[in-house]
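Structures given as C-alpha cells follow.
In the two complexes that follow, chain A is the common piece, with chain B as its partner first and chain C second.
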Partner chain A sequence: MTLAARTVHGFHTLLTGLGVTFKQIFKRNVTLQYPHEKPELSKAYRSLIKLKRFDELDSHDCVACMQCVKICPSACITIEGGKVDGIKRKRATLFEVDFALCSVCGLCIDVCPTDTLEYSRLYDEAGYERAWTYDLLAEFREEEPAFRERQRVQEEQEAAEKEAKRLAAEQAKAAKEAQASKPPDAPEGTT
Partner chain B sequence: MRQSAGPTLERTDEADTYYLNMGPQHPSMHGVLRLLLKLRGEEIVTCEPVIGYAHRAHEKMAENRNYIMFIPNTSRVDYLSGMIYNIAFCQAIEKLCSIEVPERAEVIRIIACELNRIQSHLLWFGTFLLDLGGITPFLYCFDDREEILDILDRVTGSRLTYAYGRFGGVTMDVDQDFLVRTLAFVKRIRSRFPMYEKLVGENVIFRERCEGVGVITPEVARQYGVSGPTLRASGIGYDVRRAEPYGGYDRFDFEIPTRTAGDCMARFEVRMAEMEQSCRIIEQAVAAMPEGPIGPKKLVQRLKPPEGMFYFAVESARGHFGQYILSDGSNTPLKLKMRTPSFSNLSAMETVLEGTMVADTIAIVGSIDIVMPEIDR
Partner chain C sequence: MPTTLIEQFGNPAIAIATGVGGVMTVLSLNALFLIWLERKVSAWIQRRMGPMEVGFHGVFQTIADMLKLLGKQLITPKGIDKPLYHLAPIVVFAPVVAATSLLPFSKSVAISNIDIGLVLIFVFGGFAVVGIFMAGWGSNNKYALLGAMRSVAQNISYEIPLILSALAVVLMVSAVGREVPIDGEIVALNGLNLAHITMAQVHWTWFILVQPVAALIYFISVLAETNRAPFDIPEAESELVAGFHTEYSGMRFALFFFAEFSNMFIGAMVATVLFLGGWEGPILPGPVWFFLKTYALIFIMMWVRWTYPRLRFDQLMTFCWAILIPLSILNLLVTALVIKVVQS
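What follows is the complex of A and B.
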C-alpha cells in the first residue's frame, strides 16, 4: 500500500470508530447515579448475616452450637450461650459479628444446623471507625424473657402431654397384659 | 524475577545506560508490578520484573485452616476470574477425596465459569485499550461486563469474589430467569463483536501499536511455561479444557482459537475468538441443563483425603492454573501450592522486552493480561 492509500485507509478506520461512538449518543444511559439512585439488590445478595425469625417460635433459634464460629475463616463471630435457666432449649446470649473481618463466604449459613442464619439486606456501609461489630441479638433482646416464659410453658405442657401419653400407654399396656394373662375363652388355634 | 524491593536507582556500569523504575505506582502499570528497566536511550537493554507488593500469603493461610475454610480465599487469588479459581479448588478437592458431583451442578459450574471467562476477557480488553490510550472501548466493554456481573450476582450474591462452589456442588440453584438472561446476554455480546471490531480491531492506531510488537516465539513460550491465550497466540494450541478435560468440558463442542504471529495483535484476536467459543459452550450448556440436585444436602466439611501428593489443573482466563496439594490425611493441607499462569507469563517478559522501546512496554505487558494478586498470591 502506498502512503496515500494507507493514509486514506487510516482515516477511514478512525471515522468508522467515531461512527460507533456517535451512534451511542442516542442510546439509553446505562450508568446509575449512585447516591441518588440505588441498584435493585439481587435475591441472592450477600451481606452481613442476621438471625432469622421463625414463625412458630416468634424468635430466632440459635442454640449456640458454635458450628459457625468453628468454620468461620475470618474468625469474626463471637457467640456465648448454651443452657439457660428454666428451659430445655439452648439459647445464645451473645451473638456478635465483626463485619470488618467478614468475607461474606456464607459458610456459617450453610453449616447452621437450625437454619437460623440468613443474609441481611444491609447495603451501603461506610463510617469513620474501624470497629464494625454488630450485635445480632439486639432485636431479640427485649422479647427474650417473654420468649423464655412462653418456651417454659410450652415445654411444661409438652412434658405434661408426654407424661400423660406415657401414663396412658402404661395403662394400656397393663390392661393388655391383664387381658393376655386372663384365661382365653376359647382354646387357641380354633379360630 | 526479583522477589524483594531491590535498588531503586543505581549507576550502571555502562556509561550510556540508565535505570528506570516503571511501577509499582505507575498510572498505566497493572496493579503493583514494578519493572526495573535498564535503558539505552529509549531502548530496553534488560528488564527485571520485581514482584511481591501484593503478597498476602494465601498458600500459607491454606496450611493453617481446614480445606473448606480456604474457599473464600480462592477467589481472591485472582479476582478477575474468581469463579474459575473458586470452582477449580472445589474440583481439586472433589477429585482428591472422590466426592461425586451431580450433573446439574457440573453444568451450572461450566456456565458460571465461562461467563466469568468472558467477563475477564472483556475487562482485559478495556484495560488493554486504556493502556494504549483509548478510553472509549473501556466504557463499552464495561457495559457488557456489568451484565455478566448482574447475572452472576443473581445466583451467587457477589460480583467479584464469589464463594459459590462447595465440595460436591454449588451453594445456590439457578432458575429459569438465569438461563433466559444468560442466553440473552450471549445474543447481546455476539451482536457487540462486530462493533468492537469496528471500534478497535480495525483502528489504524491500534493496529500500528500492536502488530509485530512483543513477539513471543513458541520456543520462548515453551521455555518459560507461558500458557493461556498468550501461548495460543504463539501458535501452540494448548488448552487444559481440551488437553486434560475436567468438570465435564469433554461433553461440549468448542474450538481452541490459535494465531501464529505471537504479537500483541495475535493475543487480542485470540481473546476475542475465545469469547465467541465461550458463548458456544454456554449455549450448549444451557440447552443441556439437566434437572436434579445441585450438591449434597449437608455441607461436606470433614474430609479424609488420602495421603500423598496431588495435582489438579484447570484453564483459567489467563492460562494453566494448577493446584498442588500435599496431604497428610488430615482435614488440613500440609502444603497447597498454586501454579498461577500470570507468574509464568510475566517471567517471559524478561526475554520478550529486551530490545523493545519503552513506549511498547505497556502494550506488551498489558497484552499478556497479568493480574498481580495472582502472581504474588
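What follows is the complex of A and C.
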C-alpha cells in the first residue's frame, strides 16, 4: 500500500473504533443494581436446605428420625425432638444447621423419609461473622401449637370415625350372627 | 475587549485574590465533575451504569471520594528526597491555576488579558513537567522514576507539535486581523493574545475550518501532554503501578489527580480558543458557548481514551518525531506560504 492509502486506511480504522464505542453508549446497560434489584434465579437453582411446607399439614413434617444427622458428612445438623404429648406424630422441637460447615451435598434431602427437606433459593447470605447457624424451624415455631391442636382434633376425629366404623362392623357382625342362628326361616318365603 | 479583574477592581491585590479564588473554585468543581463524567463515560461505553449511589446518578460520588481522601493518612516513604517529594504536588498544581487565569471566557469576562497569553500558557504547561519529574525522582521508587522519565520524554517531545500547530494559528491571526473593528476603533490583532485569537475567528471564521491539520495535531498533542490514553504511558497501570505518583497518598495524590484533570480542561479550553472560536456562538451567552465547546472536546478525549489501546513507548516517540513534528512544520510552512501569496 502507498503511504497515502495507509494513512487513509489508518484513519478509517480509528474512526471505525470510535464508532463501535459510540454505539455502545446508546445500548441498554447490563448492570444489575444488586441490593436494589435481585436476579431472577434459574428454576434449577439449589442452595442451602430448608424444611418443606406440606399443603395438607400446613407445616413441615420432620419426625426427628435423625437420618439426616447420621448421614451428614459435615456433621452440621442438630435435631432434638420425638414424641409430643397429645398427638401421635413425632415432631422436631429443634432443627439447626450450621451452614458455615454445610457443603450443600444434598444427602440429607435424599435420605429424608418424610421428604420434608428440600433445597432453598437463598443466595445472598454473606455476612461479617461466621454465624451461619440457621434455625430451620423458625418460620414454623409460632404456628406449632395451632398445628398440634389441628393434629389432635384430626386424630380424635379419625379415632372417633374408626370407633364408629368398628361399632358399625360389630353391629353388622352381630346382626349376621343373629341371622345365622335361625336358618330355618329363610327358605319359607321363597317356596 | 474583555475587561480584566485588575481593571475592574483597580487594586491588584484584590484582583489577584479574587482571580485565584475564582479559578480555584472553578477548577475544583470542574475536576469533581470531570472525574464523575469520566467514570460515567467509561461506564456508558462499557454498557455499565457507573456511580449510581451517592446523589442522583452518583453526582456526589466524587465529593464522597474527596472526603475519603481527606481523611486518609499521608504516607511518607523511606529514603525520599524530602524537599522534592513535598514540593512536587504543588509544582504540578500551581501552573494549572496560573494557566486557567489567562483564558478569555467571554467577550467581557477574563481574569487577565495579557498580550503573550498563548506563550505563557505553554510555559505553564512546561512547568508541570518539572513537577512530575520532581515527584518521580523524589519518591525513591523505580516505578515512579520510570513513569516520570517517560512523562518528561513524552511531554517535551509533544510540546513541539503542540506549539508548532498553535503557531500556524498565530500566523493566521496576524494575517486576517490586520484591520478589525473592535468597540468602534480599528485594531491590528496580536496573534499571541488569546482574546485577539478569538476575535479573529469572530471576525473571519473558525480556524478548525482553515487549519484542520493543525487542529488535529493540536488535539493529538494535547492528549499526549495530559498523559491520557492512548498516550498514558507515564501512568501505564499494568506496567508501572501508577507511574510518577505511585508513592503519593491522600490529598497529595488528590492534587496530582486534580492537576491531571485540570490540565485536560486547560488543553480543551485552549483548543476552543485556538480552533473553535472561543466564546462565539448564537443566542446563548459567551461563557456558555465557551464551556459547551470545552466540554464537548473533553467528551471526545474521554471517548478516545475508552476506545484505543495504549501505544508502546517507541511507537509513541516515533509517532511524534517522525510524523507529527514534520507534519506540523510542513503545515506551518504551507500556511506561511499561502499567507504570503494571498497578501502579495
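Everything below uses one rule, namely that the second predicted complex is superposed on the first by the 143 of 191 C-alpha atoms of A that agree within 3 Å, B and C clash if a C-alpha of one lies under 4 Å from a C-alpha of the other, contacts with A are read in each partner's own complex, and residues count from 1 in each chain.
One rule holds for everything that comes next: a residue touches a chain if its C-beta (ideal position, glycine included) is under 8 Å from a C-beta of that chain, and two chains touch if they have at least 3 such contacts.
All figures in this text were calculated on a predicted structure; none of them were measured in a lab.
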| item | value |
| --- | --- |
| First (chain B), second (chain C), both or neither touched by A:F22 | second |
| Contacts of A:V30 with chain B and chain C, given as first, second, both or neither | both |
| Partner chain in contact with A:S181 - chain B first, chain C second, else both or neither | neither |
| First, second, both or neither for A:K43, with chain B first and chain C second | first |
| Partner, of chain C and chain B, that touches more residues belonging to chain A | B |
| Which superposed partner A:I71 touches (first chain B, second chain C, both, neither) | first |
| First, second, both or neither for A:G106, with chain B first and chain C second | first |
| First, second, both or neither for A:L14, with chain B first and chain C second | both |
| Touching both chain B and chain C, residues of chain A | 14, 17, 20-21, 24, 30 |
| Contact set on chain B toward chain A in their complex | 65-66, 68-73, 136, 140, 143, 146, 150, 153-158, 161, 163, 166, 171-172, 195, 198-200, 202-205, 299, 301 |
| Chain A residues touching chain C - in the complex, by the definition given at the top | 14, 17-18, 20-22, 24-25, 27-31, 33 |
| Parts of chain A lying in touch with chain B, wherever the complex brings them together | 9-10, 13-14, 16-17, 19-21, 24, 30, 42-46, 71-74, 103-107, 110-111, 119 |
| Residues of chain C that touch chain A when the two form their complex | 43-49, 52, 303-304, 306-308 |
